[in-house]
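Each structure below appears as structure tokens.
One chain, subunit A, appears in both complexes that follow, with subunit B as partner in the first and subunit C in the second.
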Partner chain A sequence: MKAVLIQLLLVGLMLMMGGAVASDRVSLPKYPQPVGDQCVEPTDIMRREHMNFITHQRDETVYKGIRGIAARHSLKDCIDCHVGYDAQGRAVPINSEGQFCESCHNYTAVSIDCFGCHRTTPDEVSKVRQFTGKP
Partner chain B sequence: MEESKKVTGQSRRSFVKQTAAGVSVATMAPGVVLYSLARATRHPDEAVTDEVRWGMLIDANRCVDGCTDCVTACHEENGVHQLGRPATDAQWIRKVHLRDRQTGREYGIPVMCQHCEHPPCVDVCPTGASFKRADGIVLVDKHICIGCRYCMMACPYKARSFIHEDVTDQVAHAPRGKGTVESCTFCVHKLDAGEGTTACVQACQHDALIFGDLNDSDSRLSRELAKYPSRQLRADLHLNQGVRYRNI
Partner chain C sequence: MSYLFAILFYVSLGIFAVGLALKIRQYWNTPAPLKIPTTPAPTTQAGVVFRMFREVVFFESLFRAAKWTWIFGWMFHLGLALAFVRHLRYVVSSDAFVWPLINNWLVQFAGQYASLMMLVGLLGLLGRRILVDRVRYISAPSDYLMLILIIIITVSGIMMSFVAPIDIVGLKAFMTGLMVLDWQELPSSVFLIIHLGLVAVLAIIFPFSKLLHAPGVFFSPTRNQVDNPREKRHISDWAKNSGLDSADGV
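Take a look at the complex of A and B:
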């Protein structure tokens, strides 16, 4: 039942985004622009399926130890690209207000459990940090 | 057909048999080569196998009294912050002080998850969160850990800790959070990256810790174990731990 509701919400969200209805009562989520111009999957697939991707990936990583390039749906990599930076250039936790994860999850009223355990900003050895030179 | 039979001088059946055997050898030979390469350094995109069994040897004579470099390094590597509450703070590795009552000999040894072949924590886990990886590393899948702490009670080495409070500023490779149980991972992220060692072993300045592959008879660990006696803690429990001790 919950899954169906979430799906409906997501479909609704995408319809709104596609149609750009001006009279929305709730404004669409706004979040910082990610690094790069291509996600690991097309945006419409990521919107629907990202939770399945990272749930599958977590088992591959935890049980099989796959952490290299093959771990393409790693939550760590989501954060590396999608995290926002403040005026001082410091990474802002991705689950804080107005950030990538929080903005959409808040809009669809779906709680996130990931960040009870997972780090919310890229760490020192982040691939994308090294690539972009961001602090 | 008749012509080829004459030339080779063999029946159709034996021809098929021999061809099949030849193919299997041919496909096996490169497989064997790959297999032996993979054993030395597994590619980070390949699943772990039981070709490797990670283990450690700890020499109590070399371990210096009062030195806690391994503990500090472990907790720094894995983002385990101490909150000044010893009763509930997580400990992935700790120095245990021992005293022989009869001789008065005092010494300390680091004790962490012993990475048993038959781990009691895995036996008792009601959700399957506590598991042993193919390469012998005993881990907690925190995604399905419900924090019941049965594993903590089952472990004879007091190796596991429960996280009582919200955690922030974790390191990216070691997620940890309130309501789950955790313990030494043999720095699984380093092993998966092909480093072949752990933070505590790298930090030890006294060569008291040796890490390696128990299945590889050429590893320094295996050679040391073959040369001099070593013991497993509570060997009477027949858990066949990956961690062994010398001079205790």
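Take a look at the complex of A and C:
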């Protein structure tokens, strides 16, 4: 009786952990390589604080009207550099499975609603040209 | 640092698991010689399960005994439960079938803000020990230490959650790395080091501390017995087959 209970408990725990125990290597989020060789802030800071940068930028834009090149942490720019492209060269929405924002947020159980309003692929007049010189 | 913490985690979780298992075995094997459910008590087994449910989820008897202690204690424990569910994101793989239950806005949001309720509850409980004369008189150093330990863990967690964010991807890699023996770097953050260091301390002292009330409540004879002494004679396990169990043996 006791032994059965304990075994049930252990099996239950292992099932819960699921995939993590199934492989012998740590899995990490995978997404397409971004454009350029550096982000708008040092990478390790972006990793921790990107949400603060973009929400701060939103306030700057919406309240003070700061747009375009002066808007250093514009959400549009994130997409310009970080969006992935399919075999036909069309941009894949950045919030779809395996793409930049989604893969990382799925890995860490983060849900965002920004893309209910904001576009998920680059604009025709994207600022990516200014960053990369690409047409 | 990463290796130090990896070793600390293996050791502390080992002590926690083995210590807790031994304690539960001890509780399991401790005889309950007398029929002593606190009345009014349920007269059926299903009733006892329901009573235990109310005790564990709502702290019923504490509610009847002391309203202030109940409100702070319950805030803390409810917050702890919600924050615990949010913490599962650091160890459960995003391929696991339970992942949709964790990767869920409501669960994560509730877990994040529940920490504030937890802190209020903890400060209330600490205040009770300091401000209420009767309680101060019976408080031992370990009572304060446990509260302070958990308060510091909570505050460092709140700092990471609301003030100084850390590299969550790196942390998840570290934690899942511990589980699959593929060790990863621990992200650098003072608050994370405080948080995890004290969590390890907590895990080590848990099996020797008053926090054992968590498994212990299920073994309380005053709560887990059916009120049926007339219908069914109560004989302690050790008294069975000893000759004492006959009608005139006692």
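Following the convention adopted for this analysis, the second predicted complex is superposed on the first by the 102 of 135 C-alpha atoms of A that agree within 3 Å, B and C clash if a C-alpha of one lies under 4 Å from a C-alpha of the other, contacts with A are read in each partner's own complex, and residues count from 1 in each chain.
By definition in this document, contacts are C-beta pairs under 8 Å (C-beta built on N, C-alpha and C of every residue); 3 or more make two chains touch, one makes a residue touch a chain.
Model, not experiment: these values are computed from the prediction.
K.L.:
Going by the contact rule set out at the top, does A:N52 touch subunit B (first), subunit C (second), both, or neither?
P.N.:
Touch partner of A:N52: subunit C, not subunit B.
K.L.:
More residues of subunit A in touch with subunit C or with subunit B?
P.N.:
C
K.L.:
Looking at A:N106 after the superposition, I want to know if it touches subunit B, subunit C, both of them or none. Which is it: first, second, both, neither?
P.N.:
The second partner, subunit C, only.
K.L.:
Between subunit B (first) and subunit C (second), which, if any, makes contact with A:T43: first, second, both or neither?
P.N.:
neither
K.L.:
Quick check for you: in the superposed arrangement, does A:G65 touch first (subunit B), second (subunit C), both or neither?
P.N.:
A:G65: touches subunit B, not subunit C.
K.L.:
Examine A:R25 and indicate which partner it touches, taking first as subunit B and second as subunit C; both and neither are also allowed.
P.N.:
second
K.L.:
For subunit C, which residues are in contact with subunit A within the complex?
P.N.:
28, 89, 91-99, 102-105, 107-108, 165-170, 172-173, 176-177, 179-182, 184
K.L.:
In the complex formed with subunit B, which residues of subunit A make contact?
P.N.:
58, 60, 62-71, 76, 79, 116-119, 122-123, 125-126
K.L.:
Please give the residue numbers of subunit B that touch subunit A in the complex, ascending.
P.N.:
Those residues of subunit B that touch subunit A are 42-48, 131, 133-135, 139, 141-143, 166-167, 169-173, 175-180, 188-189, 191-193.
K.L.:
Which of the residues in subunit A end up touching subunit C in this complex?
P.N.:
2, 15-29, 44, 47-49, 51-52, 104, 106-111
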